[in-house]
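Beneath this line is the structure, given in structure tokens, with notes to follow.
Chain nomenclature is as follows: A, B, C, D and E, assigned in order of appearance, with residue numbering initiated at 1 for each chain independently.
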Amino acid sequence: MSGLATGSIYALMALSLVIIYNATRTLNFAQGEMLMISTFVGWTALQLLRAPLLVALLVAVVAAALLAWVLERTIIRHAISATHFDVLIITLGLSLMLRSAAGLLWTHDEFPFPSFFGSRPLGVGAVRVAPASLGIIGASLALMLALGALFRWTRLGRAMRAVAQNQRAARLMGISVEQVYSASWILAAAVGAVAGVLIAPVVFLSSQMGLVAINGFTAAVLGGFGSMPGAVVGGMVLGVLENLAPLYLPASIKHSVPFLVMITILIVRPGGLFGRVAPRKV
Amino acid sequence: MITRSILLFLLVVALSVSRAAAEPGVSDTEIVIGGSNSFSGPLAYTGEQITKFGVDLYLRVVNDAGGIHGRKVRTIYYDDGYRPQDSVANTKKLVEQDGVFAIIIPQGSPPVVATLEYLEEHKVPMLFPYQSSPVTRARRYVFQGMTLSDRSSRMMIDYLAGTRKYKKFAALYQDDEYGKSFLAAFEKDLGRFGLKLTAAESVKRGVTDVSAQIAKLHAARPEVTFLVLVPGPAAQALRERQKIGWTDTLMVSTGPLTDEKYLALATDAANGVEGLSLWPDPATSDLPGVKLYRAYMVKYFPKNEPNRYSLAGYFAGMLFTEAAMRAGRNLTRESLITALESIKGFESGILPPLTIGRDHETQKQGFWVRVEKGRFTPLTDWLKSE
Amino acid sequence: MLEVDDLSISFGGLDALSGLGFSVAEREIFALIGPNGAGKSTVFNVITGLYRPSRGRVVLAGEDLLALASHQVARRGVARTFQNTEVFRRLSALDNVLVGRHAHLRAGAIRAALGLGAVRREEAEARRFARTLLARFGLEDVADTESGSLPLGLQKRLEIARALASGPRLVLLDEPAGGLNQTETQTLMEIIRRLRDESGLTIVVVEHDMELVMGISDRVAVLDRGRKIAEGTPREIAADATVVEAYLGSGSDA
Amino acid sequence: MRPALEIDDVAVYYDKRRALEGVTLTVERGEIVTLLGANGAGKSTTLRAVSGLVRAARGRIVYEGRDISHAPADAIVAAGVGHVPEGREIFGEFTVLENLLVGGHTVPRRQIGERLEEAFRLFPVLRERRLQAAGTLSGGEQQMLAIARALMPRPRLLLLDEPSLGLAPLLSREIFDVIRRINADGVSVLLVEQNARRALALATRGYVLETGRLVASGPSAGLAADPRVRRAYLGLDGARRGAAT
Amino acid sequence: MRAAALGSGAVVVLGWPWAAPRYFVFLASLIAINAIVAIGLNLLTGYTNQLSFGHAGFLAIGAYAAALLTIQAPLVPLPATLLAAGLVTAAMGLALGVPCLRLEGLYLAMATLAFGFVVVEAILNLDWLTRGNDGLRVPAARIGPWALTTDTSRYYVVVTVAALLILAARNITRTRTGRALLAVRESEIAAQASGVHLAAYKTLAFVVSAFYTGVAGGLFALVVGFLSPDSFDVFLSVDFVAMIIVGGLGSILGSVMGAAVITTLNDSLAGFQSYRPLVFGAILIVSMLFMPGGIASALQKIQPRQGDRA
């Protein structure tokens, strides 16, 4: 259960990475740091305004959206014609900057973060279930369903999927690809912010919490980079693996499990569990 | 082209030989000390607190009072982000470029150990490294800061297995130098009581989900479970224990872990937890030295909350000042070492009277605490680790 | 020289080639023409081992090519150019030709790293060869220019030079005149003729420019929707009603 | 009333490679005009320049009196220009319905249902396949989908690039019928087509491109008999007029 | 002109330890080591378009191999130790490169990233050999009767090795192998059509890249004198990628310059303490935005091209 809870956070991280990747074909290495910054902003709202947690969540989401919008417009947009390597390095630079800025603003200390969910176990027969785990799973699932609906049923969602499939054709449909870029960054950041608020009570709030994104990468690869259902399943599988590995595996290899899984998947099935590798065109 | 570059080259040579020195880092008006520390990376918070809000806090007090024999103390810190190669580079730069007099409070085993040989070779004192591996014990140019793991372990096991008569021990430890050195020490000290660790589970640094490990330890039914972790995962372990309703074990935290941060993160899950405390409570202790520390903190860094890390740095600054005072106006690296070695029964108002012996350790004690109503309440006086 | 027999391949349910067969004699210039999407480039991609056909045989001087990987086909003496000019854009023209010479050079990484005399001699020899070849194609002045910055006409010529550097027996030219103007096309025709007349090469050319096709080929095969609909001399083809219809359409539905 | 489309002295370069040079043409309102020429002559590039997918280095492109030379592609679509690209470029992972909905990206929500109805009326087969993944459609159905998709915003000018490419004769005849019906509803059409005879049979006027330049133009009937058309495709008789740079 | 530039360069490099303050001798050694890694990485990424975020892992393998050999067999001469470090790492490069043949772009970056983590985990878990997190102290290496105990002596070793490897890289890149690698980068199908065995050369790039990085690892062990898993975190791999991108993809000279810039930058930013990553990140972003082709291409723009690639 706890594995699934962690897994759903990984899934959200993976989703936010995939959203940007699908639209722009770039990988945002600063995703974790954006999550961290927005959670910090939400937390600051809690501290300063004594606002309820729900308000903090909203503040975090808005902050994330703003940050993403600004970064996309001021930095990423200018590099969009550059090579993927350049954009990678830029987002890496961003991640360093954001982490460092968070340290300067809020110190590198760890802070407790309130949870929406209680910590007392609920007994369901002989099974004890932690409300926190249930809550995280529930909230993540709700968010994923909302995302699914957005991508499936709304004009923006369809436009984003269209851009992911064929940018030129999307333009011919009257879709502004640039707006889709911005929207993807904003949406991804908002998803990240929710993930941040959900996971902060568990991993605590600190400038280092963005490192959770690395598991998001693994989850996304596991699911086949670019596939959204894949990202969800990849996240869950990774969470459960990470949770179970210490139980069943010798100490010497258990910590390598996520990475070994990732390498194995890449080599055996480069498209991930769900993705397809596009055939080579000549 | 060639002639130009050779000329340039000669100019550089000429400039570089101009530095002449008496004792490095000591001038008529100034003493320069420095250190490589974590200002980024996993231990950035600790690094910043022990240096800028710790050592520097005390030195500002000293400087504002006129300095050490008329010399103001200046500090230089470089960031190594916990990478050993960067700490080597920084330390070389401090010694060779900045010409520091001594290295103060470097942090973390790998970065510290990486520079040990170099500093000894160049006879530069390494003062009060903030790490717990015994590798720094009894070296001429090193004066260990934090209580070493084997001493912590001895105090903990003597108290729990001796005084309190517990028999079944388990440990949840961080999968690195810090965790493993404690684990080895526990095994050894338990051995003296004819006991063994019943179960031990490791946590990778930076991982926060410890539910599986807690479940496994729970299954082993230990009377005492040691937490050899850093605040985040340790608080997580306590909450996980609360979550699964595991009540019949005594959770015990090691010296480096027993800190207010860990309580704040664990909230009510920390109640009843015990541990070895290396420092008096920086926020509430009535000891005169700690009160003074708080007063200075309010004066110089009003925005910074008192905490154990800055207190440790503050104490390091105090000890350096004491030794440099004793060394007199003719301060050299050798005279500093002699002065440090001469310290006997030094009253800091923070730790018990300090005598530095051949082992060059400056902190050997701790006392036992239990968490009650969100604070550490002392259960014992200072314990002995000899 | 080259025999293609009963070649079939399909992509995503669409038959790109079905039961295609033709043969090319030594020192012949053979043209494959047909409207867009007829499958002409696919033939080349199958011959050079980039695509695996579902059926059929490709035999070069008695050897089955279908069993070979692409680079092995090249080493058997089959060189080609590409529809969209695949010069190595960030390499100089000289280096492009030197890559073409790849299979003839021996220097491995280690021997090259050591800077052995033999390697240097081989390299110098290869560079001389490459410069001579470039000169033959009128490219000596741009030998050190990054090939991507050359005008298309020169890129096309460079691509042929690179193909020749491997010392092939059979050259496959994929739309060599595509995007070229009148004069450039004339030069190109001259070059292709000389390849056959002077170097004794066998040439298969896929081309839309009928002037070129009709001007240089010995025989022409016409493809439409993956099938061969006609084969013969240029004169016969030009007169063939099926061919005209394939190109210009029947117009019967008007 | 200004013509549907005026292209005036337009040049387009890919990298440094010339694709179009000084092309000038007009499509009157309600007219079908066809653009002929061999592969690589610049037909697709002309369409792309109109719909804003590539930028003209020189010249003006005017749609119904509005200069759209510098407008972004999405604005051009919104202004009423539909473009059915070569190779159809449908969204293979989408269902037929979703493809049409994306096509209606610029359409007000209230009108979507009505437009879908129109599309299905024009291509009944798409109604049957509406929940099928577009990538699994046959070539002809894909082409119909591509056209239907471009028609969703009710464009007043439709650019069609090789609509019969790769289709069996029967199917391409069907597509041509559809084009005629679309045109009958008042949509101006600029058609690029491999099948010159059929294109000329449909169009009122035609232009012939060779290596990026216009070499002939005129009413369809005249062009159909013009040896220059035959030459542009088959290069059979005589030498071409010089088009040297 | 060229000889003069080379000559004065050689004078500066050889005379450096007598001219520069001692710390800069050490720093120059680090630059030379990083330059070797950057060249190795550039052979893979710049020349064959295979991105790696795992070169810290290769560096670690070379460093530990050399360190363990020095400890276990102190009599083995240093050049042999370095060669062994390179070969062991090259073998790992082969082991990673072959399965990675099917991957490109992002996926390859991910696989190599994971490889970097696995190497660190392996070092931790093989603690009977590597002393795990305690770290491994590397005794001074010897060349014949001389123990390399000073920064200057180590500097000369490092610079000699670096010079040889730079020369070798130039020799490789300017002959058949290098051209084949570049051809693979520019167009895989055209390369194949020219008879270049795609898989062989992609793998070769991995092997050579790993060899270079392994030798650099050996020198790293020699110069830094202490190894621990913390030395080889993912950010080090990122630094290497930054070096070749800042310096210029597909350029040997660019690799060296990139290594010099990033190493010096990292070093001089250490004094910024908490601001270090902030400034470093900002510099990365700005240089990417305004100098996308790296130093090498910026130089080429200023100075009209001289025919040969450097």
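Throughout what follows, contacts are C-beta pairs under 8 Å (C-beta built on N, C-alpha and C of every residue); 3 or more make two chains touch, one makes a residue touch a chain.
Since the model is a prediction, treat every value here as computed from it, not as a measurement.
**Student:** Tell me which chains count as touching both subunit A and subunit C.
**Tutor:** Expected: D, E.
**Student:** Which chain's mean C-alpha position is the greatest distance from subunit A's?
**Tutor:** C
**Student:** Looking at CA centres, what chain is most distant from subunit D?
**Tutor:** Between subunit D and the rest, the longest centre separation is with B.
**Student:** More C-beta contacts across A-D or across C-D?
**Tutor:** C-D
**Student:** Report the inter-chain centroid distance for subunit B and subunit C in whole angstrom, where each centroid is the mean of the CA atoms.
**Tutor:** Going by mean C-alpha positions, subunit B sits 72 Å from subunit C.
**Student:** Please work out the Cα centroid separation of subunit B and subunit D, and write it as a whole number of Å.
**Tutor:** The answer is 74 Å.
**Student:** Could you put a whole-Å number on the gap between the CA centroids of subunit C and subunit E?
**Tutor:** 40
**Student:** Take the average of all CA coordinates in subunit A, do the same for subunit B, and state the distance between these two points in whole angstrom.
**Tutor:** 36
**Student:** Going by the contact rule already set, what residues in subunit B reach two or more other chains?
**Tutor:** Counting only residues that touch two or more other chains, subunit B contributes 40, 44, 48, 175.
**Student:** Could you check subunit A for residues that touch two or more other chains and list them?
**Tutor:** 99-100, 103, 255, 282
**Student:** Of all the residues in subunit D, which ones touch at least 2 other chains?
**Tutor:** Residues: none.
**Student:** Flag every residue of subunit E that touches subunit C in the complex, lowest number first.
**Tutor:** It comes out as residues 167-169, 171-172, 174-180, 182-183, 186-187, 189-198, 204, 208, 250, 305, 307-308.
**Student:** Of all residues in subunit E, which touch subunit B in the complex?
**Tutor:** 1, 4-5, 7-8, 11-12, 15, 18-23, 26-27, 30, 124, 127, 132-135, 137, 151, 220, 224-228, 230-231, 233, 235-236, 266-267, 269-274, 276-277
**Student:** Considering only the defined contacts, which subunit A positions touch subunit B in the complex?
**Tutor:** So the residues of subunit A in touch with subunit B come to 2-3, 6, 99-100, 103, 107-112, 119-121, 128, 130, 132, 202-204, 206-208, 211, 242-247, 251, 255.
**Student:** Note which residues of subunit C are touching subunit D in the complex, please.
**Tutor:** My answer: residues 12-14, 35-37, 148-149, 151-152, 175, 178-184, 208-214, 225, 238, 244, 247-251, 253-254.
**Student:** Could you please specify the touching residues of subunit B with respect to subunit E in the complex?
**Tutor:** Residues 1-2, 4-6, 9-10, 12-13, 16, 36, 39-40, 44, 48, 52, 76-86, 88-90, 92-93, 96-97, 109-111, 113-115, 117-118, 133, 135, 175-177, 180 of subunit B touch subunit E in their complex.
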